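Below is a structure I'd like to ask you about.
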Amino acid sequence: MIQAGIVGGSGYGGAELMRLLAPHPDVAIRTVTSRGDAGTPVAETFPHLRGVVELDFEDPQQAPLADCDVVLFATPNGVAMEAAPALLDAGVRVIDLAADFRLTDPELWRRWYGTDHACPERLAEAVYGLPELNREAIQSARLVANPGCHVTAVTLGLLPLVGAGVVQPDSLIADSKSGTSGAGRRASVGTLMAEAGESLRAYGVAGHRHQPEIRQVLEWVGGPLELTFVPHLVPMVRGIEATLYARLAKLETDVQALFESAYADEPFVDVMPAGSQPETRSVRGSNVCRLAALRPGNGETVVVQSVIDNLVKGAAGQAVQNLNLLFGLPETRGLEGIGLMP
Amino acid sequence: MIQAGIVGGSGYGGAELMRLLAPHPDVAIRTVTSRGDAGTPVAETFPHLRGVVELDFEDPQQAPLADCDVVLFATPNGVAMEAAPALLDAGVRVIDLAADFRLTDPELWRRWYGTDHACPERLAEAVYGLPELNREAIQSARLVANPGCHVTAVTLGLLPLVGAGVVQPDSLIADSKSGTSGAGRRASVGTLMAEAGESLRAYGVAGHRHQPEIRQVLEWVGGPLELTFVPHLVPMVRGIEATLYARLAKLETDVQALFESAYADEPFVDVMPAGSQPETRSVRGSNVCRLAALRPGNGETVVVQSVIDNLVKGAAGQAVQNLNLLFGLPETRGLEGIGLMP
Amino acid sequence: MIQAGIVGGSGYGGAELMRLLAPHPDVAIRTVTSRGDAGTPVAETFPHLRGVVELDFEDPQQAPLADCDVVLFATPNGVAMEAAPALLDAGVRVIDLAADFRLTDPELWRRWYGTDHACPERLAEAVYGLPELNREAIQSARLVANPGCHVTAVTLGLLPLVGAGVVQPDSLIADSKSGTSGAGRRASVGTLMAEAGESLRAYGVAGHRHQPEIRQVLEWVGGPLELTFVPHLVPMVRGIEATLYARLAKLETDVQALFESAYADEPFVDVMPAGSQPETRSVRGSNVCRLAALRPGNGETVVVQSVIDNLVKGAAGQAVQNLNLLFGLPETRGLEGIGLMP
Amino acid sequence: MIQAGIVGGSGYGGAELMRLLAPHPDVAIRTVTSRGDAGTPVAETFPHLRGVVELDFEDPQQAPLADCDVVLFATPNGVAMEAAPALLDAGVRVIDLAADFRLTDPELWRRWYGTDHACPERLAEAVYGLPELNREAIQSARLVANPGCHVTAVTLGLLPLVGAGVVQPDSLIADSKSGTSGAGRRASVGTLMAEAGESLRAYGVAGHRHQPEIRQVLEWVGGPLELTFVPHLVPMVRGIEATLYARLAKLETDVQALFESAYADEPFVDVMPAGSQPETRSVRGSNVCRLAALRPGNGETVVVQSVIDNLVKGAAGQAVQNLNLLFGLPETRGLEGIGLMP
């Protein structure tokens, strides 16, 4: 059994990692850490794990992380970059669900996250953990940067278009909408139910950290481009729907065929029939990204709809997918869960 | 007192008209009709109106509509076009909250609504009831076509840009999100709470009836243009947020100043400070449209956020605003209600 | 104009007081205080009040509270008891929306709120501000203790039964359900949308502070009794529904007639027809309490359903009702708002 | 592989049966019927089953139901009683998720469901499918009546008390709250999101069909008793929370020990530590019932909180649990899913 450690277990990413890894046939959860809840049973904080996870939270300084085969960081930005180097040196593989190793340019990190990067020399060995883009590199990686939630929904929806060079690179618009669990399990006024319930608003309109990340990923495959990204907070708990707009450079493009071909062999990307309108609940709790693409009125603009569960394909599920790749397991192992509808 | 009749009183538009007109100091509700509920007290269907509206629903065939000064149709599309001509001939003014008189071209009606228009000869006298665009024409109108809900949010957000000719006319994108009350008070699987709750999806991606209406309005002020419009269904009851994207043709444009100037004298359009992110709940129950506009990263793309209450500024409130204009009343009369937050 | 000061203006109680008092024809809001937001415009925190309240929040130490005719405390428990005595001595009338002056026994305060009462000598002059019970006393009061939200819903539903002595006094059960705005506008994990959304749970089952308050009120009219009170957190923003159970001592009681008679003259209590099932949205934003009472199967148990808006009749609306009484105004002044449905 | 047929596959019960049975290692879904959707792919109606269920809906008259080992009816009340006898005669085992075989007295059926029972002679062989009560009988049954959703939550919470004879049998009160999926996937005004969202109300206060069913079950173990049952509609999709009240006849009862002992060996009933407040989301998507019981203030009244997922333990999950028992499989087979939180 692969021994896994989870750092930052009292948030939603950590809870979701436990939901997925506890029944995983090839993984044993060795330790789950939480500074705030150290010493208390995991199942006290998360009653849905009663009878499933029997561990207590451990203090991250004392937990046997170095004895693990892999450590998953479900921590706020900035934590993994401090702790990962020692673990990597000890031969432990690391998957970071936060942003610490996503941007390859430390200067970009400073600009968007406001601090100096703690281990810029490690950025080169970090592999960006979007399996649909980087499968082979992930298989031999030691340090995986798990993509952002909006980023996953947006890039999976735009990659076929950008990769094929069929859209104008300065025409990309991503209007993304997320449930409030994306903001994490931290006390905050803005995501109180009484603030975020029965209301809708955009956020980060002037600039959001996922914008440079999306742009970096798309530029890897399509060269320089411009992207306008506007995230929105939706009065629901789970789910991201991104509606993506691009202007076709090649009007003869068969968009449906392009998408079906691009994702024909992907276990977790489902291209729906032409005319479909995917809903977030169809992927609730599952690791699937559902896509639909069309050209309204057969015009120049292509519209792509992309839905994921922000905590699964947008976080913990994708991390388990990466873990499977890291250890040579079937990529879908432990990720067969079906969306919970309604 | 102005004698008002409401046709189609058992839907949300009708209920909201009653909420606004019952305490209106210059209007008396003479009759409220409903085919299905005729003979039963209004307050039995709508307990929030207990003690406020003491009328019974009347059958539309028997109700004293011709004795009214104004009749408001809160009916499904296609009803007003049958009944309005006789009322107009009897000297009654008509405000239609449905789509019957919105499109000036009967051919366009046929294409989007699937039937021949019942009174194409009346289309010329219908005035499109967006006061911010057509205030003077409404004041002397006899037949007012109240705008669609998405249309109101989208056009108020784009009019300053299109009117000033500062954006590329083929670059317009409207990503609009609506609560489920926009679908009306009709039994339907798709808007059950168990279907629409805790989920998000687009609809009408291939083509929605509000698209030609938005385009018609914007072309009145800006000439030929292209618009991609994608509406979404949000798990909330009231509210529309439209995020609008356009590419600037004139990069020197001061977007904030343009919007502030355009709406300086408008009682129901509130341009928020630069950097604001309006939320739908700030206008819940009120007739206000709140707007914010900015250029992310000072780039070529301008992003406008526009929020309204779909049942107020997007329907009944705007109808009362039009009624006030029709009868020479102060435009804000009866519409002073403050948004209900939280 | 009555000069009113609001202390603790950055919470939901304060915001709702402003929504109700700003358009009140006899009241001027002189000052609104907030320690955290002092110096910033009220409308920045509460955009729904843009154009309605033009004040900045003031520091409570510097605000001209002593110059007001009445000061309303919308503060956490324990604040008003420190500040009220000096204001009262200065001739200012005080309405406390928190719990400080609700319990007449300072020992009971200590047991349930965990601190010594700061001015036990003032408890005797405090009048419990439930107008349906204490109208006359409120009219001549100087210090009003505004009732708790659950308390209002529960006591209005039980008072007719307890007052008439027709139920067994040891049989009272109150199963009350509240939206999350009742927990206030404070950062907290438990009322995050991602925690409280799409889920239901009881809270305070072992003992909740509203239980002794309900019991105190009911015992004033009915003598010693036993009450089991269980509050629940509902995934919605506003509203309380309390379902109340009692065993009839007098089986010949006509429950419907008893309730209609008890509340015949009350402007804000609406006894619905027999068999009704009031919904919280029928009172959303309004100061009305809607009640329905029946005996299922004509048995011994009477079931009462009581709905209020927790922020209006359960807090700010009732405070304005008390203010009207204090100053000899018509009791409904400024409280004519109709419930927002849907 | 056990060949299973699902009748009424286009509702939530049917969809949930497919979610649970498709990956079940011992069951093959042979056919899924739907009168309305016959001929169309299941995954078109239910996109969350894309790639999981490849069947088309079949017409119930033509589907190979008689070739199945077991047929599960997820149909409206009254359907199974017409079709089950022929299947039973053909040697097919039947599990009915509707109410047709729940009440043992056909006269009680007539009174509450308004029709004559179609096969009263079969009622004697029907086994009430609450495994915690009837495990042995289910193992040898041919016809299983799957319990109602409210009934499951309420009876599991009251059985230990009633079975041990420690509460007064005329003191039982069940205040139960359900998400709207309990009303099924039928077009209806009352469960539209715009009607049921952001609001709470009781229903069936005068008498609900689950009341005689609860009473029947409890009387099997505890003799004659009185029960007041009030269901409520909660603005969420899944979940039932029942708060149960009873007066202790034996004040020396250790309620916690009684519950722990009663359910010590039950795989799907989780008695939480004293003082817990179970939330519905802890069982979302899972077959677990979580219970907590306590005596507030150590008084005479015992309060039990019981949460289930209405579509799993309250319907499809319990049906699969019964199927496992019918065919001698481990009871938890295919039901290991962990609650989806948040």
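Think of it as A, B, C and D in the order they're written, each chain with its own count starting at 1.
Assume contacts are C-beta pairs under 8 Å (C-beta built on N, C-alpha and C of every residue); 3 or more make two chains touch, one makes a residue touch a chain.
For reference, the UniProt names are A, B, C, D = N-acetyl-gamma-glutamyl-phosphate reductase.
Worth saying up front: this structure is predicted, and the values here are computed from it rather than measured.
Here A-C and A-B are compared, and the pair linked by more C-beta contacts is A-B.
With centres defined by CA atoms alone, the chain at the far end from chain D is B. Work out the mean CA point of chain A and of chain B, and you get 39 Å between them. Averaged Cα coordinates give chain A a centre that lies 36 Å from the centre of chain D. Centre-to-centre, using mean CA coordinates, chain A is 44 Å away from chain C. Shown for chain A are the residues that touch two or more other chains, namely 12, 181, 185, 194-195, 197-198, 235-238, 278-279, 281, 284, 342. If you check the complex, the residues on chain C that touch chain B are 12, 15, 19, 22-23, 46-52, 181, 185, 197-198, 237-238, 270, 272, 276, 278-279, 281-286, 290, 311, 336-342.
Residues of chain B that touch chain A in their complex: 170, 173, 175, 177, 194-195, 197-203, 205-207, 226, 228, 230, 232, 234-239, 241, 243, 245, 275, 277-281, 284, 292, 294, 296-297, 299-301, 303, 305, 307, 342.
Those residues of chain A that touch chain C in the complex are listed here as 12, 179-181, 183, 185-189, 191-198, 235-237.
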